[in-house]
Structure formats: structure tokens, C-alpha cells
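Okay, so chain A shows up in both of these, paired with chain B first and chain C after.
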Partner chain A sequence: MHVKKHNRQLTLSERREDFVKVGFLKSLLVHPEAGITIAVVILLIVFSVASPSFLTAYNIFNVARNVASYAFIAIAQALVIVGGGMNLSVGAIGGLAVVTTGYFIDVQGFSPAIAVIIALLVGLAAGAFNGVIITKIGINSFVATLATLFVFTGIVYGITKGYPYINIPKSFTIIGRKGIWGLPYLFWLMVVALGFIFYLFNFRRFGRWLLATGGSKEATRVSGVNVDRIILLSHVLSGLFAAIAGVLWVSRMGSAQPATGQDWLIISFAIAIIGGTALSGGSISALGLLMGSVIIVLIRNGLILLGVNIYFEQTYLGLIILLAVTVDRIRAFYYQRAGI
Partner chain B sequence: MRENNYTLEMKNIHKSFGGIHALIDVSLELRHGEILGLVGDNAAGKSTLMKILTGAYQANRGRIFFEGREVHITNPRVSRQVGIEMVYQDFELCPNLNVPANLFLGREITGNFFKALKNRQMENKAVEILGRLKIDIKNSKIKANRLSGGQQQALAIGKAVSFNPKVVIMDEPTASLAVMEIEKVIDLILRFKEQGISIILVTHRLDDIFKVSDRIFVLKHGRRVDVKETSQTNKDEIIKLMF
Partner chain C sequence: MKKLSILLLTVVLTTVFVWVGFAAGQKNPAEYKIAWFAPIPHPYFDAVKKGIEAWEKDTGIEVKKVIGQEWTQKNENENVEALAALGYKAFSIYPADPTAANGLYEELVEHGIYVVNFGAKTTEPTPASFYVGTDIRQAALDAAEKLCELLGYRGNILNVLEIIEDVNTIVRDKAIKEVVAKYPDVHIIGEVADIKSVEEGMEKIQNALAAQIEEIDGVICTGFTITVAATIILSEFHETQEKYIRFVGIDDDPSVLKAIREGLIDTTVAQNPWGTGYISVEVCKRLLDGWTPKPDGYSVYAGHVFVTKRNIDTYFDELVNLTMDIGEGLENKNMNPPKE
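Presenting the complex of A and B:
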């Protein structure tokens, strides 16, 4: 048996040499950001040529705003995927934050700043609730967050009875609707958030330990890291980012719609996976998350500009996700064989 | 304070899982700078005994003394702080992290600036550690899952010994290695002994034990059967004790 194992190692390294010669095309599969960046460029060219309204300032502004909104959702998901888990309740937490913001501004008459702080705290608490269930009770993240998805969504509808809060002051929509240097504030906020993700995973112990947990929980634990605490914290952060996404959504829409977040789940997975956050955990890329967001938005936006029957949108999204997962599989396969 | 004859002493350790007694009144003494071979059949209690040392399990009864002082090893972090390191059978590396990140996992070097990770410094130190241990890994930025089995084991051992532990526990360090790689690991083990590190070597491979150990500790059905000076025993006797 031991001899067998050794043989496998040898073949691996031989294959690795083969791989290095194959080079460029396959290395795209290994470096997700490279491949996806090229895909983004190709899409940009295709849509620019196909639709004259694509490269207008208005459309660019609009696309950038959507990209930013999605990026926050994707960050919320990626933060737990990287540790080997998932958060099915991202959209529900987003919805909670939306409704909290709306409720405290519209019904309670609080200043938006206070309402936002409360909404973010609600997001933190919801994430902490997920994290505690997962780490203290020991329920896997799929089941735990599937349950809280319903819990949180129920709270949203229980409080609102399905009605939106619409008395949101104009001043509150500045962040969501205006911009600077030709791009929306939301976009710049996203740049900051992605910068934070990059810093977190390259220069913080927490990020390093979360990556390690996604790679091997056991190895991380025996290295003296409190793995449960790391996972718990990642869910708290995930809740926070979902809540930020929710608050920004209110700012963008100018109202707090209880249905906000219902389509986030699938989008968050799609972007995270396309962006190189391996579903199995242990990898994350700020650039990948950006490019993943751009791709999803471009495809949605492009389809509209191209006049495709938009009622099929969900089908397109589903197909894109299937494609992304397939590419992820292929990438994992080559990554396993390759030596980069 | 107790008489400081041993680096490590486990006294009358009991451990049971539900109704199953995994360890019954086991006492183990580890001398300064010795290599103690720990042998026993499957389910003899070897892993359980070692996991109590590393803090993965807690004994139901019994005491542990480290350099004469009683210690309470409640989790892996405490074990490391005391000066006990463990090298696991399945290497226990993070496949997705590179060599320095694995070496420094759990005790990363951070700077004064908001405690940011000092990646460059850890890389340099990693190269230095690998060099000192003569571990053959050319590119330290490579991820652990790109290393060969022998390199991974060497890295795992490097991770354990590079922070000046007093005691290193090695659980089947050669089990999944090819013959040539086994020799290298054995060399490595002997070098640590020269540096004064006490080693507990858990393995099925009696050949390895007889090559490197000073004494051999035999466990059977959760009990200490005997401890023999390696020079005054032979394989047949040990095998008889084991079964």
C-alpha cells in the first residue's frame, strides 16, 4: 500500500512536468482570476459592438452600481465558503437589514445614521446566531443556515406584513444613487470592501487561519488555532457584509422592500464560485470576486440590451452557474494535477 | 516541585470513552534527550495516550509533570506552550497554504503595525529552517499539496521542531513514505536527539524503533506492559510483549 502511494506521487510530478509545457490555456484554469478577467474583456467587447448604448456613461454608471451591490453579497458568501462552510441565509440577513433600516427611519423616525447602525448590528447578530448554531451545537452550515434562512425571512414578513417602507429621506439615497469621478459611490465603497478582503486574507492572522480552516480543519486545530472561534467570526463577518449590502440596497432603491434578498443566494454563490472561491473552501480572491460580479452583471445587463426575452433571466442565471461550477470542477481537476 | 529526573512524566493516566477503558493506570517517563519508542497493537491505546499529551483529549484521572512541574494540558495550544509538539501520521498540513504559512500556522510573525502578518520575514525564516534541517524543498512559496509525501512529512516535522520544543511526539512518521524517504526522516530524528530534544516515536515499524530508540515502551489493551532498554532487548521479545 505504501509503495502504491509513492507511485502516485511520482506520476503526479511527471504529470506536472507535462503540464508546465502545456502552458497558457490550462494555466488559465489554474489561475481563476486570469481566465475570468479575459472572459470579462471578451464580454465587454461583445456587448460594446453589439449594442451602441452599452458604452454610454449612463449604462457604465448603472453597471458599476450593480456590480458593487452584487460584490457585497458575494463577499458575504465567500467569507464563509472560504472556511469550508456556506451561508444560505445571506439574502435573508440582507432582507432583515433592509427592513430594519426602513422600520427605524420610516416608523420610528430615527435618523438614517442610527437606523443604519442598528441594521448593521442586526446583521452582526444574525451572523453570530448562525455561527453559534454551527460551532456550539455542531450542526453543519448547510442545515443551520437553511433553517435560519426561513427564520429570518419569516421575521422580515412578520414585521412588514409584506409592505415596503417608503418614507426614506432623499438625503439617504445619495450614496446609492450618486457618484464621483464618473462612478457611483457604491462602486468606490466596493473597492474599499475588496481592499479589506485582500488585506484580511493576506495580512491578518484571522484571514490566514480562516484559509487554513478551509484547507484542513484538523491541521489548523492541532496548530493551536481555535477553529470554532474562527468559523464563528467568519459568520459574524458574513452577516455584517450581508447587512451592508442590504443597507446600500435601501439607499439605492429609496425604499425598503421586504422582498430584497430573495435572489441573493444564487447570485452570491455564482459570483463567489466564478471568482475563484473554491466551493470546497480554502481559497478566496478579491480580484476574482470583482470579476465575478462584473460577469454576472454584464450578462444580465447585456441580455437586456440585446433584447433577449428577459422572462428567461433565471434560466440564464442558472445556466451561468452550472457553467461556473463546471469550470470550477475542471479547474480543480487540473489544479490537482498541475504544479502551480 | 518534584525531582527533575525526567523531561516528561505521565502518572497513573486513566481514560475511558463511555464504557470502554482506553487507558488504565498508565505511567510513562521520558528522559532528557532520549528517543522513546512507543509500540502496541492496534487499539492498545498509543494514540489516546499521545492525544492526552497534545491536549486533544483530557485524561479522566492521572497527572502530567513537565520538567518536574505539574501541567494541565487542556487544549493543543497549552500543549504547545508547554513545549510539546506532535507530528501526525497524516502530516496535518494545510494543503492550500504555502510552506511558510504551514510552518508558522498558529504562531505567525506579526509586526507592530496593527499586528499585520510579516509574510516576507516568515518566508525568509522558513528558508532558513528548511536549510538548517536539510529539508529538500526548493521553492518555499509552493503550496503544501504540491509537495511529495517525503517533503510533506519533512515539512510537518520541521513545523514541529522549529520552535524549540522540549518534547516531540511522532506518530507513524514513516508509515506512508517510500524507503528512501524513510532513511531521511530517520536521519532527521537522530539529528533532533543530538539537539537535546526528547522524542516519543509511535510506530508499527519495529525496524525503525530499533534503529533510533533508547528505550521501548509497550502498551497492550490500554495498560503499560513493560519498558525495555533497546540495547537489551530484541524484536522477538518486544513482539511477545505486544501480543
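Presenting the complex of A and C:
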């Protein structure tokens, strides 16, 4: 019972109930995000002590910006994983949005605001295309998005011939390069996006239905929910968030590089899953997505700050991820033993 | 009268022999079956293609130009095998994998087809007749020398390397260290590597800067992706910070040229992709005409120039002149003409 409860999304009332029943510290153990959060805190302490550069304003700004960039990519993936699917074309949709933004600003001379709207619409359309193939034609999401990964990447290269768009106005880079209260605008945008995810899955019927679809598609269908529409919408949202990530990369780079998005796939899965999004569907956490992003960025940042051997970098990265996941397993073990 | 007839006959026969001889030596342009293959659309390959188009214009010989769908040896094999089936007799190829490409080349050579590597060498011994492209080691030596000069032969360098499994990365790394070792007041104080995308490059370079922001005086990049990434980071850094970090990159991506023009970075090493394309197909033609490689003539180096704010509008002319000089020197350095 406890294990079952631990493995699924907790409702707000359940969280409140836990808190009242067992107290604050023990109630922390109930939450799947607690393990990853503890791991993040440990890493923060280790890197702060080991490197004097870690807590500098420049590095904090840098880390916060990278966390935000990863979080948007992870949200795009998590939104379909939670419904029991996957989106292999996340990076390709991001690349499409990058090129769309660059093309309409640089070649067509549109204002950045209009170019961004078009790019976001392209992301929505690409997500809808994925959703329609999956729900109407009945093709598995892995196969469907693998195919569209090639389609979208081909469009990107067909339009750009591999060349970047470089005439992006300086004003457009403000979001990607500047900040407020010591943290980048990207970070605050990420907070808003994660707030949206929290709200969607805790207070909106669509979010609960998507969770239910990920838990058991057939059971949800039998209860009268239009499962196909839910899956279609999750892909539309995934496309939108991938496009937002792409547009924000243009703002950060000050140019539209056609290769953007090519390495998003692994990272999108890694962060979503480390952050507690169940690969089998039915579970997602805004805090988990944040912590998943933080831990990946912290590890990469810390390894360079500590000057580890570049040829063993991936080994260290893998080992620390394993350590973080182990901390979560320890949390789950104590949670079960405590009999909460 | 008899003398006049003999004279006329001699003139006619001489003309016929000369004409027949000429016709036998010089093939009809349509008889040359030359193909060019690049793994993916990319500004570098596009520049190589332009060199080939210029050669086509100069010679009247058409070259079949094909660009692959993904940067893998498997994809390259499929494309090139299809072209070989169409009867192409000489190939100018960028090897997707420096070792695995030799397998493809062996099969082509067994069928009497000539192969010329462009842009990157295959692992030696190789069935390829020639390599046309940049002298990797020399370019890295020159880049490191230039950075030391910019630093006034005193300061700390961040060495940014691209893909660590690429043997060329090791060649570049050794060349940089060889130059730095000559100057006792120049030190490499940081290294980042294993970078496959601009996004990853931006994150790692910024992490490295954050780690040693006070100490780093210069940055050297010896790969396309990392140069673009470093350009974005340093442009942003120089717009917001007082410190100026010296920089030497490689390749002339439009975003890099823009930053040089705006004075945000110092210089980049422009390879000669135009000349690489032009010369590689000229070598293919000569092989089909019966020319043979000289014993030490395998590498045809296409040269490189530094691009600075001073020569940014004229450096391409320098590369074209360099190409013509290399073309004229082929007979002396690399190829033996066909035996009579």
C-alpha cells in the first residue's frame, strides 16, 4: 500500500494528511522529490566547500540560466511521458522553432515578437502533427516521433542549408542574457513554467486525466474520458514547450543555429526521469523537474570547477547521477521502514 | 607539284595525328564520372561545394554532388554505394568515421574507383589516393602561436577541445601544448573537452570561465562547434565585463565573423574549404586521366589564413590565390603525369 502510494502522484490532500499524521521531517520522506532534493543539497555543500568560485555571482547566474534551459526541455518531454508516451522529436521541434525565429527576423525582417509567435505556432503545429499521427493513425509514439524527428530535422536543414541566422537584434537577447535580483530572466520564466505544470496537474481536470491516462489508458477510457484527445493535447503542449525552449536559446545565443536541439533527447529523458517522472507514465512533479535540472547542471558545473580530468568527465557524471538516485532509494527504504 | 603534294599531305597527316592524339588524351567532359559526398548540410561543406561549382565552371565538367542525411558511416556507405552503382569512377569524400570509411574505400578501389579524402584524413594505411584539406597540426600550431603573440607571451590559457574520440583532437591538443611549452610565462590553466553541440559548448566554456574568471587571459578553440560556442560566450562576456579575454578560434562561421567585425573577439583561423573543393575534384580528374600519386604526395594541404578585423573583407581572395598556387604545384609535389 505504502509502496503503491509512493510510486504514484500524491494529491494535495494526501500531502496535507501525511504532514498532520507524521510531522514535517518524516512527511518529507513520503515525497519522491525528497531524495533528489537531498542529493542536490549535498552537492551544493560539497561544491561550495571545494571550489571558491562556486558561489560567485557570475557562477550562480550561469548555473541558474543553464538550469532554466534544461527545465524547459525536460517539461516538453515529461508532458508526454506522464501520459504513457514519449517524444523523440523534442529537439527537432526546438530546432524548428529556432530556425523559424531566425528566418522571420533575419530574412523576412519581421519584428521579434511576431517571429516568436510564429515559432511558437510552428511548435504547436509540430506537436499537433505528432499527436494526430499517434491518436488518429494509431502509430506508437516511439515510432511516430522517431519519424517526425527526421522530418523536422530535414526541414531545418532544407531551409538553412546548415547556415545560422545571425542578424538578431540585441534587444532580443535581453531575456536570454540579462536578469533581475541576481538571477537571469530565464530562471524566472522557468519558475512560471513550473508553476504552470504544478497548477495543471493539481488543479485542472486535463492534468488529472493525463495522469490517469498514463496510469492506465484503458481504465481511463472506460471511465468516459476521451483519451485520444488528452494524448493529442499533451503532444501539443510538448511541442509548445519545445518551441519555447528553442526561442529562448535564440535569445541566449544571439543567433539562430540550425544544429540547436540535436542533443536534447537524452537530457530531456534524463532530467524528467531523475526528477521523478515515471517512464511508465502516471507521475510528474514540478519540483522534481526543477531538481532534476539542477542536479545535472550542478554536476557538470562542479566537475569543471574542480578541474577533473576531461577524459574521465562522463564517468564522474554517471557516478554522481547514480549516487543521487541511490539517495532516493535510501529515502524510499526508510520511508517504508518508518511505516508512514 | 609533287613537292607541293607531299608538303600538303604532311600538313594534313600532322594535323590529323595531332587532333587524334589530343582527342585521345583529353576526354569529353561528359566522360568524367566524378562524385562528391558530404555527410550533412553544414556551412563548411557548403563552402567546399562552392569550390567545386567554380571548378565545374572552369573546366566544363559536371560533378555529382550529394549530401547525406546523417553524420554516420552507415549513411555514407549507403549513399556512396548507390553512386558507385550509377557508374561514378572517382569520389571526393569526407570520411564520416576516419577508420570505418576505409572499409568502404577498399570496396570502391577493388572496383577500379578512385577515392580522394577531403576535409579529414582516414586512418592510415588507407585505400584513398589523396587527402585534400587543412594541415590540422600546422593550423593548431599557428593558432597557438597567434594566441601567445596576442597575450604578449605572458598569460593563462583555457584550451577548448572538441570531440575527444577524434584522433585529430589529440593532434591539435599536442600541437597547442608544444607551442605553449616554448614560452615559460604562458600556461594552460584549464581544459574543457568532449563537446558535441553549441549548447553543450556554451555551458562548459562558461563553467570554465566561472571557475577561473580572474586567471584566464586567453581562450583557444580548435574546432568549429566550440568556436561558435566560445564566440557567443565571449561576446556576451565582453559586452558586460571590463576584462578582455584574447581569443583564437577556427573556421569562419557567419556568427564568428560578425563578432570579429564588431570587435568582440580577436581572430579565427579560416580553413580553405573553397580550395579544398576545387582541388579535390581536380585531383579526381587527373586520376581519371591517368596521373599517379607521388610516393610522398598523399597530403595536399589547402592552406589557411587568419581572419581579423583588418582582412575580414579580403581574406577570401587570399584563399582563392592560395588555391591557384596549390593547383599549379600539384605536378611538382603530389602527382606524376601519365606516361606517354
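The rule is simple: the second predicted complex is superposed on the first by the 277 of 340 C-alpha atoms of A that agree within 3 Å, B and C clash if a C-alpha of one lies under 4 Å from a C-alpha of the other, contacts with A are read in each partner's own complex, and residues count from 1 in each chain.
Keep this in mind: a contact is a pair of C-beta atoms (placed from the backbone, for glycine too) under 8 Å apart; a residue touches a chain by one contact, two chains touch by 3 or more.
In this text the structure is predicted, and so the values were computed from the model without any measurement.
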Partner chain(s) touched by A:Thr37 [first = chain B, second = chain C, both, neither]: neither
Touching partner for A:Gly282 - first (chain B), second (chain C), both, neither: first
Touched chain A residues, chain B compared with chain C: C
Contacts of A:Gly154 with chain B and chain C, given as first, second, both or neither: second
Touching partner for A:Asn66 - first (chain B), second (chain C), both, neither: second
Contacts of A:Ser238 with chain B and chain C, given as first, second, both or neither: neither
Touching partner for A:Leu211 - first (chain B), second (chain C), both, neither: first
Contacts of A:Ser255 with chain B and chain C, given as first, second, both or neither: second
Contact set on chain B toward chain A in their complex: 54, 56, 76-77, 80, 86, 88, 91-97, 101, 105-108, 110, 115-117, 119, 142, 146, 148-149, 159, 175-178, 181
Residues of chain C defined as touching chain A within the complex: 40-43, 45-46, 69, 161, 164, 190-194, 196-200, 202-204, 206-213, 225, 228, 232, 235-236, 240, 253-255, 258
In the complex with chain B, residue positions of chain A that touch it: 2-3, 5-6, 9, 13, 16, 202-205, 208-209, 211-212, 214-216, 218-226, 282-283, 339
Complex interface listing, chain A residues touching chain C: 51, 53, 56, 58-59, 62, 66, 69, 150, 154, 157-158, 160-164, 166, 173, 177, 249, 252-255, 257, 259-260, 262-263, 297, 300-301, 304-305, 307, 310-311, 313-314
